[in-house]
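Down below is the structure, laid out as structure tokens.
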Amino acid sequence: MTVKIGLIGLGMIGRDHLQRFSSVIKNAKVTAVCDINKNTADAVAAEYNATAFYDAEEMINSELVDAVFICSIGPVHKAQILTAFNAGKPVFCEKPLTPTAIEAKEIIEAEVRTGKRLLQLGFMRRFDPGYNALKATIDSGKLGEILLMHCAHRNASVPESYTLEMAVNDSATHEIDIIRYLLDENIVSVRVDKPAKKTRRALPHLQDPLIVIFETESGVRIDDELFVNCNYGYDIGCEVIGEDGITALTEQALTTTRTQHGNSRHITTTCMERFATAYDREVQNFVDQVSAGAEMTGPSSWDGYVVALVCDAGLASLKDGEKHAVNIPECPALYRQ
Amino acid sequence: MTVKIGLIGLGMIGRDHLQRFSSVIKNAKVTAVCDINKNTADAVAAEYNATAFYDAEEMINSELVDAVFICSIGPVHKAQILTAFNAGKPVFCEKPLTPTAIEAKEIIEAEVRTGKRLLQLGFMRRFDPGYNALKATIDSGKLGEILLMHCAHRNASVPESYTLEMAVNDSATHEIDIIRYLLDENIVSVRVDKPAKKTRRALPHLQDPLIVIFETESGVRIDDELFVNCNYGYDIGCEVIGEDGITALTEQALTTTRTQHGNSRHITTTCMERFATAYDREVQNFVDQVSAGAEMTGPSSWDGYVVALVCDAGLASLKDGEKHAVNIPECPALYRQ
Amino acid sequence: MTVKIGLIGLGMIGRDHLQRFSSVIKNAKVTAVCDINKNTADAVAAEYNATAFYDAEEMINSELVDAVFICSIGPVHKAQILTAFNAGKPVFCEKPLTPTAIEAKEIIEAEVRTGKRLLQLGFMRRFDPGYNALKATIDSGKLGEILLMHCAHRNASVPESYTLEMAVNDSATHEIDIIRYLLDENIVSVRVDKPAKKTRRALPHLQDPLIVIFETESGVRIDDELFVNCNYGYDIGCEVIGEDGITALTEQALTTTRTQHGNSRHITTTCMERFATAYDREVQNFVDQVSAGAEMTGPSSWDGYVVALVCDAGLASLKDGEKHAVNIPECPALYRQ
Amino acid sequence: MTVKIGLIGLGMIGRDHLQRFSSVIKNAKVTAVCDINKNTADAVAAEYNATAFYDAEEMINSELVDAVFICSIGPVHKAQILTAFNAGKPVFCEKPLTPTAIEAKEIIEAEVRTGKRLLQLGFMRRFDPGYNALKATIDSGKLGEILLMHCAHRNASVPESYTLEMAVNDSATHEIDIIRYLLDENIVSVRVDKPAKKTRRALPHLQDPLIVIFETESGVRIDDELFVNCNYGYDIGCEVIGEDGITALTEQALTTTRTQHGNSRHITTTCMERFATAYDREVQNFVDQVSAGAEMTGPSSWDGYVVALVCDAGLASLKDGEKHAVNIPECPALYRQ
């Protein structure tokens, strides 16, 4: 069965997914696109041979659409998701689930009422072969109990629109999610360390780099270097320290080149380049579940909600520098495997 | 448009491709399967919801089939390909194109008569991101003129059915193709060096390892270590030496793990593991071309013919240890870009 | 000129240095050895053809001795150093300079009174080619301003005699010294983070691993993972993050070996193995200065004093988990280059 | 005991060793230097506080000299070595032992007559920690029987004085010696392959790169890429392929640096940089043996003779491109351990 996709939000990530549906994703077709900018919606609809909508609710409820793909801005996510839940249609939602944990909670409640996992959240790293290999090593038990993790999240640069808070609720969200994925447990506290020195490359409104320190239920301590103007590339590090050994992501460069400048390996320049495979696999996973009529797998609304709770603690710490506890309610049965 | 695929030959590689069509490949569906073993054909057809055929010609000419996927044994390739050409249907053919260069020449002539490139040959390495990166570096000019290449082709082990000649016309074919791909020129001579010492792990009828030495038109010298019972894994090496610098494939391991046994990176164990992405991409490329009604791209019948000519020289050298010239006729216009 | 060395303290490190003088160090000879254990002193003296002493003061003042090499336990360092200063003899002192900063201050005052740098402290990492290369890259300016450092200090295991405090004043001292060496500035605060989870391999009296966080005058933030029962080897990491780029120690393995367990690089098992070259070079540096009649270079009493001040702050933080400031007096002219 | 060294030949390598004796080597002093250029001899003698000689024989026989260090040009080696043998003085001789195998044979005969190994030859790679680690892995048996080796010997560039023949009897000599060291067996044949393409960076009288192929007694096949104008650095590769696994030299870079040009590791630029430790260790080994009054260890006259025989076969092959056998006489008892 070919899944008819209705895609909302035709910005950069929306168009990237459109291209992905067009060239890579199996068993799906974008039949409808929606944007509040009519010209954009019309032009993209024409280009991809889809029907243009300007109102998300209308598109979601249209018979042209089997499943909803949300690439709109965060503040409108909740309404669009609830509309899809009402229509009983599966939803893929780009992160963040919602800008606040309170809104995320409403989504949880609504999804629980449907009795079925209807939503997959866009935490693509869970589909990255590198992180999958880390998890396989952890789960094999050969490292013993995990004690520490060291993470690094580096962007060459960020646009002027990137705010101080986004270091937590945009960049660090990826590590927050992946920590929970790798360790199968929740984060219970967050502390943001603001080094006194910041890079001259960061705009005045930013504090860059930052170090965020997480603790999990079992006591694993994780530090996460967030450095969004590192200049040299898009570079993601993850080292997991266990009682018996250590595993870490490699550089994953395909080739090495020797010239008078030394023996050099390519560093990826963008998130899209580094996680190209992960993006493809997360979207195919969504389509496969829809196509099979199955419940959603992969990152859930619950994951989005919990990440939002952790972010809230992180934002509080960003203000006062103190360690903030994260209080996570009991996980509804729907989200327990 | 969804391309209706008829797949011939339900052995290991045939079933691997069936699985790929089922789970990964976009815009295609295997509508027909064919095997001379009726039980196999029936069972697989039932499993994949396809129609079973026991006669390849019948299947190729069936209206159920838009494009033909040949995974049968080499000796029957020629007849199946010519039937597809007569029907004007695009063909993906697993390597080798044909067991002999003479048969390959008939295919060339038939394809030229159709006036259109109808065939893509299964040299998947051209779709491997690692080899693509090597080629990009070579083509960038930063290495200057290429002078030498060192290749290694190592399998953990081979089954008893693997013959001495297969080192050349099964294993080395991949390097023969990839040399031509990377350097954009033909091979003009081949010499097989049989080291006096062979591994105790090789069966008595084999000579393992072997070293094959190629020369290209411009004078690039390539050595290729073929070691098909190397014990430790499936390991493919390629180092390209230029006047100004060198580029080489890395290990491409995703993670590294530190234990009391040292700091260790995983080595792939099979061709399917090492070239998983390449297999997916070569098949998708075929489907995309068919779907677009375009001529075939990627490795062509001509590539298969030339590789067969190089193999013939290699087999002669395997017998007498001498350097044998490869005489390649002028390339028909159809195959020149 | 051959320097006549009098070596005090014939424990493990003392004997290691004796062996080094005997086999590697140029222009020096151990003419006298001293240990409070008479049998030990006599036996070692006989083995190395030196004169045995049982009293350090007597040996230091003996005409048999040009320079003093202190490998005794920390509590007796001060008296031995002051005796050597009184005799005007150069001293090499194994770390720590003294167990407390107060004692170290007395040494500073005494050395300043002599008007000459007479002491080299045993911080061997400053002589490690790897750290030297990091420093060269930092000093080249190609990384821009340094912002962060990530250090790791891992031992396979520690003996029962290793106390909780030694994580700071034995293990972390090496990073404290090397941070000052690499960055050419002082540390102004220390905070010890005690992760909730400790390895089952650590004895009950230990907290292992620990994370120590340092800040320097200019605001560089450094985290140092101290993990002294890491099980897998002796492994030292150092990554320096600048505005324009990053430099880090590699594994420094000489060979890589591919077997069925993967592609593996050796990890050193002891400090002596990892820093073999550094130990040789620090001792030769001492001898060369003495032999030339020059003032001491390399790590000084002042470095030892400052490290002790940082350790005091670290020990306070180890108790209360708070960030503690380090107050460093003005550096006497003697120790400014 | 301090060994009194008389050093002959004050060219580049001679001065390099003088510096080494002055700064690194223990238990030795260069008391005499000799050069046919009187001004050079006088100036260097003054600088290093040694006695100047202009006649090698006179210096060798002088009471100022315990041991002879030959850094003169090859054609005068034989006479100097024989003089030292007559005087019963130990000799360190820079490679080559002699320009021809015939002369080397005379040295063997003379040394055998003395009844004692008096000479250490300057094949420094045997003292390189990397090659030592390769040998340890081979000797451990974990690779099984060795089947193949791939070597690469690359210089950034060579001076105009470098002749075609020197690719064999200057560059390849290092691999010839190290093959015998690693495998504990002799080479029985040599073939030089001249690729049709040469680098534009090589002067017209050279053939660069070259591939030399060796076979050992047990049948191990080794290929050696000689590329003496590789442009990018001084780069030595060695990969040893066994029945059960593979070991290879790593890059041995101490640090890795990430900038916008990628993640880069330094490549050494000269032989002196790459083998600095090996040079120090070979000279110290010589001094230690002399100082102990022991017979010489390390590379012997016999090793030099056998390498010369292999070179003769290589030079013959350089002319005709054919495989040439190496006929090695029975090894005198003196040189068998």
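Per-chain residue numbering starts at 1, and chain names A, B, C and D are given in the order in which the chains are listed.
Going forward, a contact is a pair of C-beta atoms (placed from the backbone, for glycine too) under 8 Å apart; a residue touches a chain by one contact, two chains touch by 3 or more.
Here the structure is a predicted model, which is why all the values come from computation and not from measurement.
Participant: Pick the pair with more C-beta contacts: A-D or B-D?
Facilitator: B-D
Participant: From the centre of subunit B, which other chain's Cα mean sits the farthest off?
Facilitator: C
Participant: If you average the CA atoms of subunit B and of subunit D, how many Å lie between those two points?
Facilitator: 45
Participant: So what's the Cα centroid distance for subunit A and subunit B, whole Å?
Facilitator: Roughly 37 Å separates the two chain centres.
Participant: What's the distance between the Cα centroids of subunit A and subunit D, rounded to whole Å?
Facilitator: Each chain's C-alpha centroid was found; their separation is 58 Å.
Participant: Specify, in ascending order, the residues of subunit B that touch 2 or more different other chains.
Facilitator: Within subunit B, residues 231-232, 244-246, 253, 258-260, 265-266 contact more than one other chain.
Participant: With touch defined as at the start, can you tell me which subunit D residues reach subunit C in the complex?
Facilitator: Against subunit C, subunit D makes touches at 2, 23-27, 129-130, 133-134, 137, 142-143, 244-250, 252-260, 265-266, 277, 284, 288.
Participant: If we count contacts the way the header does, which residues on subunit D are in touch with subunit B in the complex?
Facilitator: Against subunit B, subunit D makes touches at 144-145, 147-148, 150, 193, 195-201, 209, 211, 213, 215, 218-221, 223, 225, 227, 230-232, 241, 243-246.
Participant: Which of the residues in subunit B end up touching subunit C in this complex?
Facilitator: Answer in residue numbers: 231-233, 235, 251, 253, 258-267.
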